[in-house]
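Per-chain numbering from 1; labels A, B, C and D assigned in written order.
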Amino acid sequence: MDENNLVKMTLTVNGEEVSMMAKGGRRLLDFLRDDLHLTGSKEGCGEGECGSCTVLLDGHSVLSCLTPMERAIGRSVVTIEGVGSPTNLHPVQAALLDEGGVQCGMCTPGMVISAIDLLQRNPDPTVEEIIEGISGNLCRCTGYKKIIFGIQHAAEELRSSGRTGMVKEATR
Amino acid sequence: MKLRGIGVGAMMYGLGYGYARPDFSATDIELAPDGTVTIWNGASELGQGLTTLLCQLVAQELGIPYEDTFIISADTGRTPDAGPVSASRSTYVQGNSAIKACRDLKGPLSELAGELLKVDPDRLIYKDGLVQDQEDPNRSISFHNLAGEMHKRGRRVRGSGYHNITTADVDPETSQGDAYASYAWASQLAEVEVDTEMGLVTVLRLASATDAGKAINPKMVEGQIEGGAVQGLGFALMEEMKVEQGEFKNAKLSTYLIPTAADVPMVEPLIVEVFDPTGPYGAKGVAEPATIPTAPTIFNAITNATGKRVRSTPASPERVLRLLGKLEEEEEETQLTFEDMPYPEP
Amino acid sequence: MTGDKQALQKEKLIVGTPQTLRETDFDPVGKSVVRKDVIPKVTGKAIYAGDLHMPGMLIGKVLLSAQPHALIKGIDISAAAAVPGVKAVLTAQDIPGENVFGIAIPDQQVLADRKVRFIGEPVAVVAAEDAFAAEQAVSKIRVEYEPLPAVFNPIDGLKPGAPLVHEKGNILYHTKVRKGNIEKGFDEASVIVENIYRTAGQDHAPIEPEAGFSWIDAEGVLNVFTSTQYAFRDRRQIAVVLNLPMNRVRVANMTMGGGFGRKDDVTTEILVALLAWKTGRPVRLVYTRHEAMLTQTHRHPTYVRVRTGANKEGRLTAMEGVIYGDTGAYSSLGIFVIKKMALHLGGPYYYPNYKSDSFSVYTNNPIYGPFRGFGVLQAAVSHEGQIDELAEKLGMDPLEFRLKNCLRPGLSFSTGQVMTEACGIGATLERLQQYMVENGLSFERPQEVSA
Amino acid sequence: MLYQKYEVAQTLAEALSLLESHNGGNVRLVAGGTDLILQLHERILSAEVLVDISRVSEMRGIRQDGDELVIGAATTYAEIYHSSLIQNHAPLLAEASKKIGAVQIQNMATLGGNIGNASPAADAIPCLYALDADVVVASPNAERRIPVAEFHQGYRKIDLKPGELIKEIRFAIPPEGTGTAFYKYALRKSQAISVVDAAVCLKIEDGVIRHAAVALGAVAPTIIRSPEAEAVLIGEPPSEDLFARAGEAARKDARPIDDIRGSASFRRYLVAVCVSHAVRSACERAVR
């Protein structure tokens, strides 16, 4: 209830400009979920272990549960809501769906963001590199295999289509 | 030194609740005028894929496209009570109730189709979007036209299915009796590499031969097997609640470790199908069977590699090093002796 | 009226249809059709209970017991209630109906009244305008405890004079399985192995911690949207605690982030319903990971002593076992988990003579309840250890030994139940034999791979 | 609220003046935030004001300054392991950086933040001990340069006065013939806090070890060097026997305790195997 702690949050979220007054002093995850109602980013542990809250901050994957919200001012944030849509899935999303890499879905948003981050840096990852790329994202349902294969297929798909895996490119 | 070993393990699991606990399910389905079907089932989708499976069964039973099914699940305001989602009973019990709901709906459907096609309703089959005379395939009506006719004529377009496998309890003194309606089966094989200097166990290979009865959705069955085996692997090698004086000391994901992508092999699901006449299309539950044998399978592989037997979970690096005689002190827990645990009298 | 099959081909939902969707159409049984729930999940649009919000929503937070076993001499909520933004601070006294729940037997308190039995037992619950006020309020609740002697291990719990977790005694349930003649069975054995096995407690760790959302609708129905494995049982239990007719309570499951048994019983549902009922406002209660791990159920730690005998021909003759299962402070499904373990202690093998006893014992540890495997996972650690050791002592191949002894149609389980044609254990073991051949594997050891 | 006010510094001068202007208040610097935000969230720490130094250009990046390497305190671990300067001259630090958390943490967490947090289990810090690195501390009027081992005064205790901040880390580029290695022992293959860390930096001349620095993490209240192991190594030609003896010697310097990740005896045992492992790798690299 401290009215003095209002901050002006001006940033780009999923390609759109956001400018609003918001209660400061919170985690980026809380700002995204509570203020912008972007609830695709999940809180599985609150201590940077599970990776469910992973978002891209200026193109790099970060844990929004460990990021102060004000750090996003003037920057670009991409959440799962900015990656593909039901009628136009990002290749990573389509591949997870195809491969069967989704069960309860709680880790999926963070997993998709981590995979996109990986494929932006490394369009042709080995299985070991995929594993390394998602080893910060815990999944309790799938045993990871179908996720790993899904990401591998997405990488093939992106390479054969000459795309880079960038979120913007996929969504526009 | 790194040693490799192979181990196997097996399990059986009584499906459903057994011992006179209520073990039932109910499903309602409704046919819309355009031939699409809504399913109401009170069981929860946890991520295991139950809603998908029920839609598959309904589409199969009615001969309609899977895409034409839609499910509403687990809502006391909308769905019938389908019992809990546990004990690997969902496919087995809830699946059967969905099939029965279809058969219930087929009564009035066949009646009208029989009238329209001038065929004995018992001769009608539901296939490829058609309701047709099995003896004269040219006598047919599309399912969606039939649906429209049902509504135009005010016929019953709702079906209900109830399936109950509640068993009698076993004898209280001897536990003799038919404890469960059916059983599930699985066997696993693991290959491990034990770093005898570091105490680290790496599972190189984990194959799980799981009897699904009938894999209604093979990819989802594989997903259950792969995920289940990885939970079992966590139990085998790293997961341990450290409870001291009643306090769960590692009650955080940074201290209670579960496997990451880097800790697991690519589990190989080997689906075995031994038809169960009491299951939907012969299917049995697979969720729990996929998890149960993993830890002892890995332990047996460790024994095969090192000659030492693991009898406590988890086979953490510290415990493995103790087993191999690398650490100074005795393990505290080995102090539990047979005298502490007498067998009760007959 | 024939031939309109083509017209049934519907336009697919997805542009750039994934492979699995193209393949499926009719006859989906046996096909890997795409999951019904996957598109919302993969796009982040699926709504989990913790994602819900409503105008005027309050945030709930629970105070958990810090003591394993203690009398509550007093709870001072005054400072908590004075925190700006706090709308309710509730204790056992505020419960309109019965302060009790439990999946198998109602032995658990919704909010601890007079006594706590484990670290993590809910003592009070708060609703406030935001998470920070709720957290501050919880930190200002003062509970005066008088510690009691406690018991932390099922074997100790059965000793004479052990502190009592519940007045009725520490044994929750004793299961006896008696089949054949155990003495005769061991007389016939030429090899007997006997060991103690221990399994540790395991946390389900679904990636979604427990979450619930509750509000009262225009008709006065108390709605609870949650992450549950059994909405109807939750409804029943909520109604009892809130003293409401069951048809005035609605429980609906949201998209669930895993359960594995953990969400079989009530988790946040009664507490969040209580807060909504008392405040008249929508309330969301989401456990932190730490809270969830402290207050919810886990896999039973077990202690097993077992001996197993086989004759010269390599046939199992007898098994005798005793199991101590730590059910923690409350029953949850401790009766049935440990009962199931007693029945399955021998595994998928035929024993003409079988005797087992299992004790499900109360302690002042966290609660142990249902978890994927349900006692059979713990049993498997013993039976597969025993079987392997017997095979080794008999000089037999471990897979051959299992195939020789596994249940077959017509043979009976520990309960005497005769196996039907659906008995698949032999088929799975044979599949592994085939797999070993395909992959050139053998049990020869040791296989040293590097220095 | 986790904090009341968030200030962003663009330059070192700005960071220092922000620190000064909030002097006396409960002000904390935030670089990666991976430790700080968690500790604020869990109410282990409190703060009125956070000063964000993650964009301070003087505190970012890796450069060579004469015969020294300089790592800005706000440099992330991802930047460190991608740096060819680090890969070429101090590969142990690249190895350690890749073992800290997973990708997301490596994108966020900074070397300076880890130094300031002073956890005995921080993976990169033993590398700095082995490299004999210095911490450069800046205040509005002056800079101080302190050996990292002195900067860490005890368990989570550092030599930083109000108004000061950790600006950068400096160490001499290891000379030709030097081999370095880092070995982390954890209970899981990714994303796990160390049970034991060993960082080794040694120089071989004419087949004999002339310089040896062995540092250990997670086995004492602070990160430590192992004089016993170093003494065993110096003057000897590399051999399996020597690696084993160095490991044994290191055990004498370790003062581990029982904790959630393992018993003291487990850690003492591991010190020996981890040190001999790291020494072997370092020797192989020195010879190459």
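As a convention for this text, contacts are C-beta pairs under 8 Å (C-beta built on N, C-alpha and C of every residue); 3 or more make two chains touch, one makes a residue touch a chain.
Quantities reported herein were computed from a predicted structural model and do not represent experimental measurements.
Student: Would you mind checking which chain's mean C-alpha position lies nearest the centre of all protein C-alpha atoms?
Tutor: C
Student: So which has more C-beta pairs touching, A-D or A-C?
Tutor: Most contacts of the two pairs: A-C.
Student: With chain centres defined as C-alpha means, what is the inter-centre distance between subunit A and subunit B in Å?
Tutor: Those two chain centres are 30 Å apart.
Student: Calculate how many whole Å lie between the centre of subunit A and the centre of subunit D, each centre taken as the average of the chain's C-alpha atoms.
Tutor: 29
Student: When the C-alpha atoms of subunit C and subunit D are each averaged to a single point, how far apart are the two points in Å?
Tutor: 42
Student: Would you give the residues of subunit B that are in contact with at least 2 other chains, written as numbers and ranges?
Tutor: 46-47, 49, 219-220, 228, 231, 252-254, 258, 260-262
Student: At which residue positions does subunit C touch at least two other chains?
Tutor: Subunit C, residues with two or more chain partners: 13, 20, 32, 35, 37, 205, 255-258, 260, 289.
Student: Quick check on subunit A: which residues sit in contact with 2+ other chains?
Tutor: Expected reply: 44-50, 100, 103-106, 132, 135-141.
Student: Using the touch definition from the top, list the residues of subunit D that touch subunit B in their complex.
Tutor: 102, 185, 187-193, 260-263, 265-266, 268-270, 273
Student: Where on subunit A does subunit B make contact in their complex?
Tutor: Going by the criterion above, the answer is residues 44-45, 47-50, 100, 103-106, 130-132, 134-148.
Student: Taking the complex as given, what residues does subunit A use to touch subunit D?
Tutor: Touch list, subunit A to subunit D: 2, 4-5, 7, 23-27, 46-49, 51, 54, 60-63, 65-68, 70-71, 73, 114, 117-118, 132-133, 135-137.
Student: In their shared complex, at which residues does subunit C touch subunit A?
Tutor: Residues of subunit C touching subunit A: 13-16, 18-20, 32, 34-35, 37-48, 50-51, 53, 84-85, 129-131, 133, 204-209, 255-258, 260, 286, 288-289.
Student: So in the complex, the part of subunit D that touches subunit A is made up of which residues?
Tutor: 1-6, 8, 30, 32-34, 37-38, 41-42, 50, 52, 54, 78, 101-105, 107-108, 189-191
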